[in-house]
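These are the structures in question, set out in turn.
In the two complexes that follow, subunit A is the common piece, with subunit B as its partner first and subunit C second.
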Partner chain A sequence: MNMGVVAVRNLGRNKLRTLLTIAGVSVAIVTFILLRTVLSAWTVAADHAAKDRVGTRHKVSFIIPLPKRYLEEIKQIPGVKGAAGANWFGAKDPKHETEFFGSFAVDPEEYLEVYDEIIVPPEQREAWFQNRTGAVVGDALAKKMGWKVGDRVTLVGTIYPGDWEFQISGIYTAVRKSVDRSSFMFHYDYLNDSQAVANANSKDLVGWIVSRIDDPSRAAEISRTIDARFDERDQQTLSMSERAMNTSFIGMISAILKAVDVVSLVILFIMVLILGNTVAMGVRERTHEYGVLRAIGFLPKHLAAFVVGEAMTVSVAGGVLGVMISYPFVQEGLGRFLEENMGAFCPFFRIDPATIVWALLLAMLLGAVAAALPAYNASRLKVIDALRRTG
Partner chain B sequence: MLIPLSYNVRSLFVRKTTTIATALGIGLVVFVLSSSLMLGQGIRNTLVSNGSTNRAIVIRKGSDTEMASGIDSNVVSLIMAAPGVKRGNEGQALGTSDVVVVASLDKEGTDGMISNVLIRGVQPAALLVRPEVRIVEGRPAQPGTDEVIVGQGIRGRFKGTELGASFDLKKNRPVKVVGVFESGGSSLESEVWADIDTVRNSFGRGSSSSSATVVLDSPGAYDGFAAYIENDKQLGLEPMRENVYYDKQSEGTSVFITALGAIIAFFFSVGAMIGAMITMYGAVAQRSKEVGTLRALGFSRGAVLLSFLFESVVLATIGGLLGGIASMGMTAVKFSTMNFATWQEISFSFDPSPAIILGSIVAGGVMGVLGGFFPAVAASRLSPIEAMRG
Partner chain C sequence: MSTSSVSVDRDIARAGVAAGSGAAIVEAIKVRKVYQRGKEDLTVLQDLDLTIHEGAFEALMGPSGSGKSTLLNLIAGLDRPTSGTIRVAGADVGTLPERARAKWRAANIGFIFQTYNMMPVLTALENVELPLLLASGLSSKDRRERAKTALSVVGLAERMQHYPRELSGGQEQRVAIARAIVTDPKLIVADEPTGDLDRKSADDILKLLERLNQEFRKTIVMVTHDPAAAERAKKVHHLDKGALL
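Then we have the complex of A and B:
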């Protein structure tokens, strides 16, 4: 019988305590995985942002639009393959007042060319190009609102007041994780030619411009070229790669992210306390036995190995259980719910495989950490003292 | 007869390491629970304390926030003429209109990180309408100039926002910081106040305003005021009590933080309860001889159960107190995050209240009750003879 088997068999002696400890470890691991997934859901936009896109907005504020002719000028800049403008529309469905979704006015052809990860079936795509009041919506939004291709919908504008009539020309899906599948996109011309836009003095303006570049490594250089071009104009611009833009957005909520980060480590510390407590109790109860083992020739390192082996078995069992619980919980339950209902904030709420690996590695490592002190104590026992103790 | 409580307290001392480990675990849970409640409270306080029941704000219908709203200046005069608006000595309406925009400023101490700051273009009456805004350093800005005052929540957090410094609202259009104001911890303290025309010119706002704010004769005068504003459908305006408006603005962020905190606290509590349970089962097993002796001496099953339950609660409460006290330390921490409603960065503090701190410590005690219950039942079921035999 090898030593590992002895360590594992020892766990069977106090089944209730072992089961409770495994439960405790798995709760900690579930919490850890959940919190890490919250973190990765927020950062996924930055991690999966396209490297070959550069966004340009007004230098002072994202709420100030740019002249539409800037778009044509940006297209001329060497290294830029194509560019598209977009305007934040801001609409609510009177039938679903509280549902938030993003709505943009775009030039359909240009926009789909720049965002080639947005997939619209070819015939719907064609229909959208032809229909001035046509709109395409994300599959998540369509499902939530119960919209089908061909439906007529009336939205209320928050920035441009009034009722706006649209026809759903198509439903898009996305091949990249960072794309919000609950946006609403329609023709720029429909917005630009409207009375509401004329009233707001915002004719021929675009909210921001996104360009596709031919060499991702030149994103910073091309951004500088774009900004330099408009530097002497009335409206200066601020350009950066899509990735840098998303990172700066995340910077604004960095305090929350940091708090979640710290908390996810605190739960691991609590896990070490629970586990260490269990191991220490076991060692204390078995002092007499350890004395016997020492007396019949086992070395201190063997005793330490028993203790560490036992702790690691429990922590790995708890870790595996935790992963088995959190996987279906997040992937099938929570993640799907959040993606469908809060797609604008977290388009992709799924467990990163790396998180699973981390969770298991940490469970193993922390098992060893929790066992360190009790193992050290066990290995230092004097045979005589240990045998004398019966507790 | 009950078992003396000192028996339990001493038992906890005998098993120092285990007691400390378990209490620390519960303490951490209470700490996290209390901190997240304090932050949620801080967010509500910051955003809602802007609002007075005695003031009303008017924005364009359907625009939800000041930022998306736009009101023509002739419409502003109509609002000021509405019934219920308090008048000054010379009969002028006590009200003002602001232009609200968001500008990206460089964060101090970072390498080119930018964040959004709310810039409010105000008229001289703004300070009369909002008497809670007080200049704490420097002086008020001269109307009609490029002088600004900054809230103490963002002072120095962005480049050029220190007293005496200047930053660009637009290229070659620097504004100079001449004063710092406070407003009782509300989110106004995360704003920059500039002259209304400076903001209009720099941001191409023509002559329109974002919102109008009026002081009412009394909180009860609101209904009459609102009815008058809403009655004129042509204007397309939406009046709101100021506190209601800010309450709406804070909803998303505070619900998010509180929900996140509650979910975390739930999982943590389950973990801590399991920890307490393990410890108490250990205590019962280790002391089965003692329990047998107590039973033989004539203490009832109920007394043994209560005794162990009490021990568990003491253990948990020690942890709860540690966590509660530690969380008070968080009040020194400033927490800045984005308000989802306005995209503006606001700095919050952790606001403790007796209810939050006591509630969290009690939650710790409850974890002790739940975690100690089954072990206590197990102890009370021990048969005296068997237990004493060991």
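Then we have the complex of A and C:
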């Protein structure tokens, strides 16, 4: 036996209370991990952005399109290996009205060259290139909608009205976690040549342009060069690395993310209060026993160590339990569900290993914090007064 | 040894722990204890003188509020006198700082309480082993062996793995006695050791205390209300209103 054993054995004194406290801590840790995972899911696109890509949009706002000819000019800029434009299409499947997915008009060959992390089997890729009404969809979207290669689907345009008929040429997967596996991509020409685009005065426009550069360290310099080229034109551009561009999108919901961040910390603060109250209750109940320990020679620091040891054992047990609950819940359940059904918002919803480490470290630290005041009070007990207390 | 424990040892040495302090193990000289109750002073012990010799088995008796428990607390180093000197096992206990007094108690005093005060989550053996956690230089095995020996002395070796809730009151008190003797203290202080026991169990406990005194030469100071218990002591001190009669 040693002092650690004594501290841990004390937890068995009121098993129900200990179990409920561990459960309370684990709920707080599960909530913390979920909220941190929501945050990391939002920032995953920025965190995992390619270093060798530069995005270009209209200088005023990303909702104002750019002339398509800019694409050809950007390809000529030294250091740019290739470039692709994309237009937000915005469509719904009338058979699945409530399902949201991103739909884009792109030049297939250029787009797959710039986004080489998007993997389409060679024969499907070739079929897409050859079929003007062909489309490729992410594996998550195909699974959700029940689409297979060769299926004909009709989407209803929300920006460009009318029924749009497509044939599924391929299903893509991805080798980078930031890629949304629930997007729908089709030929730019199919959109651009339509009457709907003509009616909207949107012919030969692209929503944004993404360039592949040969030296990631020159991303900032090439961005400036691109913007300088169009600086005197009617439509000026704003270029930045893909990471910066993704971050700027996240910036639009930064207040929400900040709130989630704060809530995740508030949860831990509540955990400290719950744990602190339980520990303080235990100290009050055991005042007489602490008096006995002090009488037989234990020092104030020993009593403090017992209290902190107990609290940290509970908090770490709660932390480990929280991690054990969160991990399968997110990795095998919620994360998979969100990726398959809400891939446009959460292309990668998985627990970051760093979050697990933080959760366990914080559980340990907060256990110590929760025990600080009760431990201090226990260590300041006067032996005679403590012995008089009957608990 | 840590710096703090060296400093504690110095404190004890300064307070006069020394060999050859004579046969008196407890010397109380003009000891006065005053508690403050609100704005009023309550004098519990009044210029009390008391000497107890090594190997003694002495009882302190008196009505409630006579100061017997206060005197026992001062002898055991749980409290300090307001004035006067109290030397126990060679140390001027009243002048020792808190940490040094705790260390001194661990080395010199064995406690027996009225309500046994076992830790319910530890077995009998672990409860007896508890004070040995403070003794440096003892391995886990040594601690265990000593605790077993102490339990054998009180006749509870076969119950060493039992928890306090699985023992009778008399057995619990015997475990408490084993805990009190396991560190081989110079002085055992017992506060109403039979107060919660039936006559038969009380008698067993008193026989055990007598045996510790006679066979193991342990000095015992016992506070009791019970005249039958006091009869087993070699000497009885009567207190009333903070003074020895």
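By our rule, the second predicted complex is superposed on the first by the 391 of 391 C-alpha atoms of A that agree within 3 Å, B and C clash if a C-alpha of one lies under 4 Å from a C-alpha of the other, contacts with A are read in each partner's own complex, and residues count from 1 in each chain.
The criterion applied here is as follows: contacts are C-beta pairs under 8 Å (C-beta built on N, C-alpha and C of every residue); 3 or more make two chains touch, one makes a residue touch a chain.
Everything numeric in this text was worked out from a predicted model, so none of it was measured.
Trainee: Look at where subunit B and subunit C land on subunit A after superposing the complexes, then choose clash or fit.
Mentor: Fit: subunit B and subunit C sit side by side once superposed on subunit A.
Trainee: Would you sort A:R13 into first (subunit B), second (subunit C), both or neither based on which partner it touches?
Mentor: It touches subunit C, and subunit B stays clear.
Trainee: For A:A198 in the superposed arrangement: first (subunit B), second (subunit C), both or neither?
Mentor: It touches nothing on subunit B or subunit C.
Trainee: After the fit on chain A, how big is the angle at subunit A between subunit B and subunit C, using C-alpha centres and going to the nearest 10 degrees?
Mentor: The three centres form an angle at subunit A of 90 degrees.
Trainee: With the two structures laid over each other on chain A, which partner does A:V292 touch: subunit B (first), subunit C (second), both, or neither?
Mentor: A:V292 sits against subunit C, while subunit B stays out of touch.
Trainee: When both complexes are superposed, which of subunit B and subunit C contacts more residues belonging to subunit A?
Mentor: B
Trainee: Which holds for A:I384: it touches subunit B only (first), subunit C only (second), both, or neither?
Mentor: second
Trainee: Could you tell me how near the closest CA atoms of subunit B and subunit C get once both structures are overlaid on the shared chain, in Å?
Mentor: 12
Trainee: Taking the contacts subunit A makes with subunit B in one complex and with subunit C in the other, which residues are shared?
Mentor: No residue of subunit A touches both subunit B and subunit C.
Trainee: Taking the complex as given, what residues does subunit C use to touch subunit A?
Mentor: The contact residues of subunit C facing subunit A are 73, 76, 78-79, 98-99, 102-103, 105-107, 111, 113, 117, 119-122, 126, 129-131, 133-134, 140, 143-144, 179.
Trainee: Mind pulling up the subunit B residues that touch subunit A in the complex?
Mentor: 17-18, 21-22, 24-25, 28-29, 32, 60-64, 67-68, 70, 101-104, 107, 110, 113-116, 168-171, 202-204, 206, 236, 257, 260, 263-264, 267-268, 270-272, 274-275, 277-279, 281-282, 285-286, 335-338, 343, 345
Trainee: For the complex, give me every residue of subunit A touching subunit C.
Mentor: Subunit A residues touching subunit C: 1-3, 6, 9-10, 12-13, 288-289, 292-300, 383-384, 387.
Trainee: So in the complex, the part of subunit A that touches subunit B is made up of which residues?
Mentor: Interface residues on subunit A, with respect to subunit B: 14, 16-17, 20-21, 23-24, 27-28, 30-31, 34-35, 38, 59-64, 90, 92, 156-159, 161, 200-201, 236, 238, 248, 251-253, 255-256, 259-260, 263, 266-267, 269-271, 273-274, 276-278, 280-281, 285, 391.
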